[in-house]
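What follows is a pair of complexes built around chain A, which joins chain B in one and chain C in the other.
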Partner chain A sequence: MPRFHVEIKVMPRAALLDPQGKAVEHALTELEFAGISGMRVGRAIKFELDSADKSSAENKAKAMCDKLLANPVTEDYSIATEEV
Partner chain B sequence: MPRFHVEIKVMPRAALLDPQGKAVEHALTELEFAGISGMRVGRAIKFELDSADKSSAENKAKAMCDKLLANPVTEDYSIATEEV
Partner chain C sequence: MPRVAVIRFPGSNCDADTLRSCAAVGADAEYVWHREESIGNADVVMIPGGFAFGDHLRAGAIARFSPIMRAVIEHGRAGGPILGICNGFQVLCEAGLLPGALVRNQNLAFISRPLYVRVESTDNPFTNQYTRGDEFLVPVAHGEGRFVSSQEVMDRLEGEDRIVLRYSRENPNGSLNAVAGIANEERNIVGMMPHPERAADPLLGETRGRIVFESFMKTAGAV
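This part shows the complex of A and B:
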């Protein structure tokens, strides 16, 4: 069965406050980094997945996000798959 | 000054154990997702950065990783910048 490299980004939804992002942005500004705005901190998840084809790998990854990896109320996710 | 969208991924170094990744992989397997391996969980960081050009934006983002965003002992990072 073909193997795919899957990369998922789970980010706080744009309309919601992101306290962790705000804290990191503030800390970087204190370190004299200027010109930063709109910082958001989320999760990056990478793994290998055996699947029949690219579209089935994407569908499985989407189901994983819906069932476990992302909070449907507060987070959005994006999925990228690539055959290894 | 041009504005860049910066996206940083901070991941546990490949040679190190990633307990969070192992836990998520185990949880997904319990949920009947098969064929998963090598799961790693890291952080995805996105923000806008005002900078003179693309290469200076990348250098600033690299300095942010070295000074605050990544643990140099246990983590690797990758940076992508794109002019808005």
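This part shows the complex of A and C:
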């Protein structure tokens, strides 16, 4: 069975205040990195998954996000898969 | 005598205070380990505060898959009273028993101090011995206590009188509508961020948190 690298990005929903992103943005500005705006901090999750094909791997990853990896009230996610 | 199951997860740390507060009002309270599959013959379930599973992924996200949660959800769906305090509130939201979610405090700080809350609704097993509008001082201790929900959910919570507690003098964590506690649609399940079990003994000063425990005793017909 083919094996896929799966990379999931979970981000705080755009409409939601992200105090962590704001704090990091502020710290970088203090470090004199100019011109930063709209910083948000999320979570990256990487793993390998044996699955029949790319679309089934994506469907499984999506189910994982819906059931556990992301909170549907506060977070959005994106999935990238690539065959090993 | 009403029987209370106080659920313990790895990382629960308010379990003893919660058990003691139940016993102080005359309930027969016992710990139930999260690996158990039954709450026995408990009338009331309490999910105490703490950091179940180290808050990994999100607070409450892993705890909701513990074997005991199946029995807790069944108890709640059948109308049984459930109270989630602090981390317990987070677990109930993650388990889908309460709407919304609890995210990082707006100021990113862990807030640990007594705060004033106002009782907004008394139509549930855990605040029915208060009078609507009562204000009392109760400790909070959380890093992720900012209640958020869609506007639609918030409109329903407000419109259906399901906001149980609200921060009254300041909004410490940026909670939507200063929400400190809510009830489910059927009103048998309540979650609150403040710790009534830390304001239930004269030795600790404030005692008006004790009324939360007296309330479920009243519901159970024990007083």
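Just so we're on the same page, the second predicted complex is superposed on the first by the 84 of 84 C-alpha atoms of A that agree within 3 Å, B and C clash if a C-alpha of one lies under 4 Å from a C-alpha of the other, contacts with A are read in each partner's own complex, and residues count from 1 in each chain.
The definition used in the following text is that contacts are C-beta pairs under 8 Å (C-beta built on N, C-alpha and C of every residue); 3 or more make two chains touch, one makes a residue touch a chain.
This one's a predicted model, so the numbers in the text were calculated from it and none came from an experiment.
Contact with chain C, but none with chain B, is seen for A:L16 once the two complexes are overlaid on the shared chain. Of the two partners chain B and chain C, it is B that touches the larger number of chain A residues.
By the touch criterion defined above, A:L49 lies against chain B but remains apart from chain C after alignment on the C-alpha atoms of chain A. Of the two partner chains placed by the overlay, chain B and chain C both lie in contact with A:L69. Contacts of A:F33 after superposition on the shared chain: chain B is touched, whereas chain C is not. Common to the chain B and chain C contact sets on chain A are residues 68-69.
Every residue of chain B that touches chain A in the complex is listed here, in rising order: 1, 9-11, 21, 24-25, 27-28, 31, 33-51, 60, 63-64, 67-69.
Those residues of chain A that touch chain C in the complex are listed here as 12, 16-17, 19-20, 23, 68-69, 71, 73-74.
Residues of chain C touching chain A in their complex: 57-58, 61, 65, 93-94, 99-101, 103-108, 148-150, 174.
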